[in-house]
Amino acid sequence: MTLLTHRYRAIDEAVAAIPDGASIMVGGFGSPGTPFALIDELLAQGQRDLTLIKNDANEPGIGIGKLIEAGRVRRLITSHIGLNRDAIAAMNRGELEVTLFPQGILAEKIRSAGAGHHGFLTDIGQGTEIAAGRREIELDGQRWGIEPALYADFALVHAERADRYGNLVYRATASNFNPLMAMAADTVIAQAYRVDEPGSLDLEAIHTPCAFISQVVEVARETSDQGRRAHVS
Amino acid sequence: MSADQQRMLARAAREVIPGQIVNLGIGLPTQLFHYLPDELEVLVHSENGVLGCRPRAAGEVPDWDMIDSGGAYIATRPGASVFDSAMSFAMIRRSRVDVTFMGAFEVDELGNLANWKIPGKFSPGIGGAMELAQKVRRLVILCSHNDKHGNPKILERCRLPLTAERCVSRIVTDKAVMDVTPEGLTVVDIAEGLSVAELREATEAELIVDENRLGRF
Amino acid sequence: MTLLTHRYRAIDEAVAAIPDGASIMVGGFGSPGTPFALIDELLAQGQRDLTLIKNDANEPGIGIGKLIEAGRVRRLITSHIGLNRDAIAAMNRGELEVTLFPQGILAEKIRSAGAGHHGFLTDIGQGTEIAAGRREIELDGQRWGIEPALYADFALVHAERADRYGNLVYRATASNFNPLMAMAADTVIAQAYRVDEPGSLDLEAIHTPCAFISQVVEVARETSDQGRRAHVS
Amino acid sequence: MSADQQRMLARAAREVIPGQIVNLGIGLPTQLFHYLPDELEVLVHSENGVLGCRPRAAGEVPDWDMIDSGGAYIATRPGASVFDSAMSFAMIRRSRVDVTFMGAFEVDELGNLANWKIPGKFSPGIGGAMELAQKVRRLVILCSHNDKHGNPKILERCRLPLTAERCVSRIVTDKAVMDVTPEGLTVVDIAEGLSVAELREATEAELIVDENRLGRF
């Protein structure tokens, strides 16, 4: 792991570690928690043939929607892409390979990797097409589906605040998949609206301890797509 | 919103007991929000990671970090908490949600539910619906009795891919309130002005009706 | 589940729900996080033939040490009892059945139940006597041990603060097994030094959301065994 | 603490790089605490749920809620966090701890470690040792070279039940610093005043020694 003393970086330098063909977990449920600035930097740097893992495909024109439109995503592992008609169209044209899991199963596959396991036993989806072809095991007189852990090379996560060791605090519903992905990926790049000196965050209020974070970058709230959504109700 | 929908929502709101934890699915169920006043002490769960949602008051500035699972900007009430997706679905799978309201493409006599996929036409992913349907203590379906072409949605057997098997407790439509029972679909309430014969005509499933015990809504 | 409006209870009433023969998870790692007041109430009420699940056996004369000395515990599922010579003696006399797991495996068996799974796949302990007899499965070219989820009828947990719906905040290293057990048991009784009205706790600082809590009781800091340990260094 | 132990600790502290995350096992390794000054920016992990421990300053009032895994009342340094046991062991299993120091009953040439059980005599449970030993990036053993009866603890093969297989990187004793290598145990440093012959005499395992490259401590 990166030494604690070497984690606070410039955004271009942090994202430059990602090669073509990488698998990347991206935090966020809809807009909240989506690391828009890191995604925009990835778009600018040009990495391609990416496998993305994200709860959803954002909405057209923002977040990973931009990467999908630019043809940079080979595969998307997700739970729901209903709010991004462009992603649905790319899937239907065969240009984007989409793998769908129930949302809580996707979360737990990621958490399983993050906890250092190799999978878990579940009854979710038994009897539906979601479980078709899933490997099963009998235990305690019942059949259980085996859901393997989902790993990734990188994770891009968004936090409200951080310190330069990488301790993270999330806000409101911007937590969602971020803390899980922060544990699961080999290299974790966090963006935060504010990065302070160690000691600035309350001990008990830290959601992701710095042990999991490889790089932390500070991003301006104003340059984020946060709050500039197509869909506002 | 149509008068029928308002009537359905008012009826559905009566399913909620003060002190319960409630999840509201995307679409019409979300509107139940407005039928649950603060003094009920009901906490609304949204699977993106919040317990204790309330609708924004008129003129209340949106908080860009605070949405429900449908993407609407919401606010919170006293006793609310926020958390990650693993925690949110742990609550669901551990049946800590007392009652969930969901829409449906099809429901059947056995309580099977189909509401996520129309093969070849609509398959954006199941989101959180499967775990909610399978694990909630009480699942109430809130949907129109017939589709826009007039075809029945309350079937003998679902034909679309299932969200979950034998998961539905009660169905609230514009035409009736029905319980899934071991004997079959039992009509609890029928819409004002509708006859039992008209209700049967609009329904594929067999309906059990005890006219003496039938409520109106 | 208990309605939100009916959760704030008197300690004797809350503990009276526990029958003889119950399986009970008890929070705490050493003293911090141990629900001393709930344990003392259980001691006073007289339930017996209990199965306890706790990281350790506390120390002689405090916490579950008292229940063990009083002969009320049939079985203890734990990770380490080295600080309680009485528990070791009871085990060696055959009066206390002790089941030992590695600490992180014990935590995850509980968390697995709390997440609504039935177990997980791990490589921890492969090649040691800990894994002897453990069921295995081959996946992705490697053998993995299957660790079944660990359930319980009740959990007794300790928090620093709470509200009357059961939202909990833990302090310092008093968190440990408490949030995991709060998710895993069928009925969860929480004690807190202070129970306030809903709305008194910061949204993002709540560690255990009230959805998991059945009963919450207020206990005086002064009457707790906290800080009255035999072993102080 | 004996002079030998102080010398071992000072030597072991040189294994820590500023900016690392370090776990200190129960017993002698815990004392390493005092050899890691604040300016090193090292975060000490304790598996009961804290990252960033430091020893209490003289006269500092104990916080009853703040202990390390050995039960000592500790304090924290800037950048510290507290968390539950699942998070704590996720860090361990995901190899987020850079280096762990542990005591030993026995270590062998292959890097096998036994430090939790003596059948029939001592079996209080393995606690967190197994996961730390198996998953840490670098495991340094800190133990006396011989037991209190003078028997060697650095063996050809461990005889006691293992904590983990092939997990040890380096061994620091009162007599030597040894690396586990594919070729066998290679002596890095030898204690001041000790001859290689005396060291071999006190050791069951074969030792690889290059006298030209041997350090003293």
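The chains carry the letters A, B, C and D, assigned in the order they are written, with residues numbered from 1 in each.
Going forward, a contact is a pair of C-beta atoms (placed from the backbone, for glycine too) under 8 Å apart; a residue touches a chain by one contact, two chains touch by 3 or more.
All of these numbers come straight from a predicted model, not from anything done at the bench.
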item: Touch-network distance, subunit B to subunit D, counted in steps; value: 2
item: Touching subunit A and also subunit B, the following chains; value: C
item: Contact-richer chain pair [C-D vs B-C]; value: C-D
item: Cα-centroid distance, subunit A relative to subunit C, in whole angstrom; value: 32
item: Distance between the centres, which are taken as Cα means, of subunit D and subunit C, whole angstrom; value: 29
item: Separation of subunit A from subunit D, taking each centre as the mean of its C-alpha atoms, in whole Å; value: 36
item: Junction residues of subunit D - those touching two or more other chains; value: 82-83, 86, 89, 92-93, 135
item: Subunit A residues counted as touching two or more neighbouring chains; value: 108, 111, 115-117, 123, 170-172, 175, 203-204, 207
item: Inter-chain touch pairs (all); value: A-B, A-C, A-D, B-C, C-D
item: Subunit A residues within the subunit C interface of the complex; value: 108, 111-112, 115-123, 135, 137, 139-140, 142, 144, 146, 148-149, 169-172, 175, 202-205, 207
item: Residues of subunit B defined as touching subunit A within the complex; value: 46-50, 62-73, 82-86, 88-89, 92-93, 123-131, 134-135, 161-165
item: Residue ranges of subunit B touching subunit C (in the complex, touch as defined); value: 17-21, 41-43, 45, 51, 76-83, 86-87, 89-94, 96-98, 135, 137
item: Residue ranges of subunit A in contact with subunit B within the complex; value: 29-33, 55, 78-83, 88, 98, 100, 102-105, 107-108, 111, 123-125, 127-130, 160, 170-180, 207, 226-227, 229, 231-233
item: Residue ranges of subunit C touching subunit B (in the complex, touch as defined); value: 1, 3-6, 114-117, 163, 165, 167, 183, 197-199, 201, 203-204, 206, 209-212
